[in-house]
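Below are the structure tokens for one structure; questions will follow.
Letters A, B, C and D mark the chains as written, and numbering starts fresh at 1 in each.
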Amino acid sequence: MNRGISYTSAFFTLLQRDLKIAIRHRGDIFNPLLFFIIVVTLFPLGIGPEPKILTRVAPGIIWVAALLASMLSLERLFKADYTDGSLEQMLLSPQPLAIMVLAKVLAHWILTGVPLILVSPLLAVLLHLESNSYMALMATLALGTPVLSLLGAIGVALTVGLRKGGVLLTLLILPLYIPVLIFATSAIDAAGMNLPYDGQLAIIGAMLVGCLIMAPFAIGASLRVSTN
Amino acid sequence: MTKTTPSTPLISAQNLTCIREERLLFDELSFGIYAGDIVQIEGPNGAGKTSLLRILAGLSRPYSGDVLYLEQNITSTRDEFNENLLYLGHLAGVKSELTAEENLNFNLRISGYDSYQTSDILAKVNLSGFEEALAGHLSAGQHRRTALARLWHTNCKIWILDEPFTAIDKKGVEELERLFLDHASHGGCVIMTTHQDMGLITEPRLRKIKLDYRFI
Amino acid sequence: MWKWLNSYADPERSYNLAGKLLPWFACLAIALIGVGTTWGMLYAPMDYQQGDSFRIIYIHVPAASMSMAAYMGMATASFIGLVWQIKAADWAAASIAPIGAVITFIALFTGAAWGKPMWGTWWVWDARLTSELVLLFLYLGVIALYASFEDKVLAARAAGILAIVGVINIPIIKYSVDWWSSLHQPATIKITEKSTMTGDMLYPLLINIFGFGMMIGALTLVRFRAEVLARNGMRPWVRELAKTEAAK
Amino acid sequence: MQFDSFAAFLDMGGYAFFVWLAYGVTFGSLGILIIHSLGQKRKVLIEISKKITREERLKESRGNKS
């Protein structure tokens, strides 16, 4: 009976499984995306169609909508695994938990973060974003949404065992999202004014690296509490 | 019980105390389980059988006390312990979006196995022909069998099974019992709870742990 | 029959220790806050720019500085509880959280009441006020998470993880908010220039800061004692206390 | 003493509303917190004694059956 512990095999097995499940359940991919688009289109209706105002607030609107969409989709990150018992099996597997958690978060990001990045230019057009901000928008979303997924997963892991975790989750993780929001929108603003924005990007990148290193352990510890 | 058991227990409980929501389930519970043992945890509903199994598996933390694997605390040797532990809880850990084969595949892969024939293993739990069926479309018994299938391909010494016979028919129960006996005679141990009577595994062979009391 | 119930005397000992410390903290807190506030309100000289409105400083600054210190205390207790599994530390963390939240609220409210006469508005997105607001959210998150778990042993572990994640994030949040407000605001508003404070203005402030610290200590001890009782309801000595209390 | 009269003290150099509002809310909320904290111990003990009587009733009913 061959048996070997391999980090890469554990990582890819889990990644592959989560992607497969999501593809069979397509709603999970499209709902957060639709939510993101609808929230963004509501703003011009609320603020007024004045292009100047929209240009000014576009980075903030897109980013706040991205925060909300990420949180909405995260809520179910561990829920199904928790209710059918596969989470317990993951915790008892001889493979390191942090690796498996990272695979799950990555799968989630591929399914919800990447589509969001891809549609963002379209929404930027609707909001009359400065034409030189598009690269900055895509770049901040590409670096920032994984941070959101990793930080959010900590909150989700803490609340997965609770019956009414939804509102609580908002309270737990939105404060943690503030730095990403600040640096991302200011990078887009700077790009709009033709100023360099690589400083802000570097900070978001540093946050991403920090989260990649630390968040999986926090998520793992939280899952052990939640399945207790 | 007077068999040639090695001197060190595979898994042992030391002064386990469990408190749930300010209610004391059991306290100062100590026992050792050796290779070859088949142990049934007995007790009325709410006595803490599932809690005890989850503590032994390392899923729950006891209020006080330790669980030892080969005389080492499982919290310090978690990876080694997990490599030798097969736990099946109330929840089967079977994804309804995946087929029976994919489920088994996943469960074996995250336990580190890499060469096996899923169809052979599924045949042993009477699921031949259902390999491609989504687990969500299977009957309750077949669903359970999908989870149990990994018992037929494992080298874990310690099996902890919470109500393994639920939704399994008589013939299936008998097959499982035979498997348990075989596993125990090859140096493993089985710890389980069940409300069903077993035909093959009976009193002298079966050790019982009654909650609230010590060994019987 | 349940031997550990009697032999495991730790909670009782910490309960009694907290009871012994409490009067000291309480007396010091009352004395210090009494002296500091009276001195600040009546005898400290008026600020030449802000007039008497600056007297809000004697509660605003102590509350603001202690709100952060209380969070650090809570996170430290949580860390001890998580790593060494000392239950008394978990109970201490659970008792600090609501106190810290109230102190943070006071810092925010007094900041607003000070801002209105000075800046002409109740709220500005000033770096200090904004990070204080975020701190309040962090406190509320910890409290809400602790309250949502039925099993308080688990609740303490979950809230502890959150508190520690919060501690790692506080400097990042603080830095980002500072940076953000310097980006969005002309840096004209700077009202608490500490260097211009004379000794007469400063001493009551220091006394009050210390007094607020003592008050937080005293309240933590009070809540800690109640928390010890609530978590140890199955132990005989708590049952005795409960019976005498019910007989009253 | 910085103030000439009690009325001047109350007036706070024209900032009476803000200063007294801040102090009022501070000591008000601290007061609520203190009262709540002091009341907790009694609440917990009464809760526990209720639980004890519940358990005793449970024991009795079980004892009668067997």
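Criterion: contacts are C-beta pairs under 8 Å (C-beta built on N, C-alpha and C of every residue); 3 or more make two chains touch, one makes a residue touch a chain.
What you are looking at is a predicted structure, and each value in this text was computed from that prediction instead of being measured.
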{"item": "Steps in the shortest chain-to-chain touch route ending at chain D and beginning at chain A", "value": "2"}
{"item": "Contact-richer chain pair [B-C vs A-B]", "value": "A-B"}
{"item": "Far-end chain from chain A, centres as C-alpha averages", "value": "D"}
{"item": "Centroid spacing, where centroids are CA-atom means, of chain B and chain D in whole angstrom", "value": "50"}
{"item": "Distance between chain centroids, defined by C-alpha means - chain B, chain C (Å)", "value": "47"}
{"item": "Centroid distance [mean C-alpha coordinates] between chain B and chain A, Å", "value": "37"}
{"item": "Separation of mean Cα positions, chain C and chain A [Å, integer]", "value": "32"}
{"item": "Chain A, residues touching no fewer than two other chains", "value": "228"}
{"item": "In contact (per the touch rule at the top): chain pairs", "value": "A-B, A-C, B-C, C-D"}
{"item": "Of chain B, residues touching chain A in the complex", "value": "54, 57-61, 79, 82-83, 85, 87, 89-98, 102, 106-107, 109-115, 153-155"}
{"item": "For the chain C and chain B complex, residues of the former touching the latter", "value": "2-5, 8, 150-153, 231, 233-234"}
{"item": "Contacting residues of chain C [partner chain A, same complex]", "value": "82, 134, 137-138, 140-141, 144-145, 148-149, 151, 154, 157-158, 161-162, 164-166, 168-169, 172-173, 175-177, 179-180, 183"}
{"item": "Chain A to chain C touching residues, read off their complex", "value": "154-155, 158-159, 162, 164-165, 168, 171-172, 174-176, 178-179, 182-183, 186, 207, 214, 218, 221-222, 225-226, 228"}
{"item": "Touch list for chain C against partner chain D, complex", "value": "41-46, 51-53, 55-56, 59-60, 63, 98-99, 102, 105-106, 109-110, 113-114, 116-117, 215, 219, 222-223, 225-226, 229-230, 233, 238-239, 241-243, 245-246"}
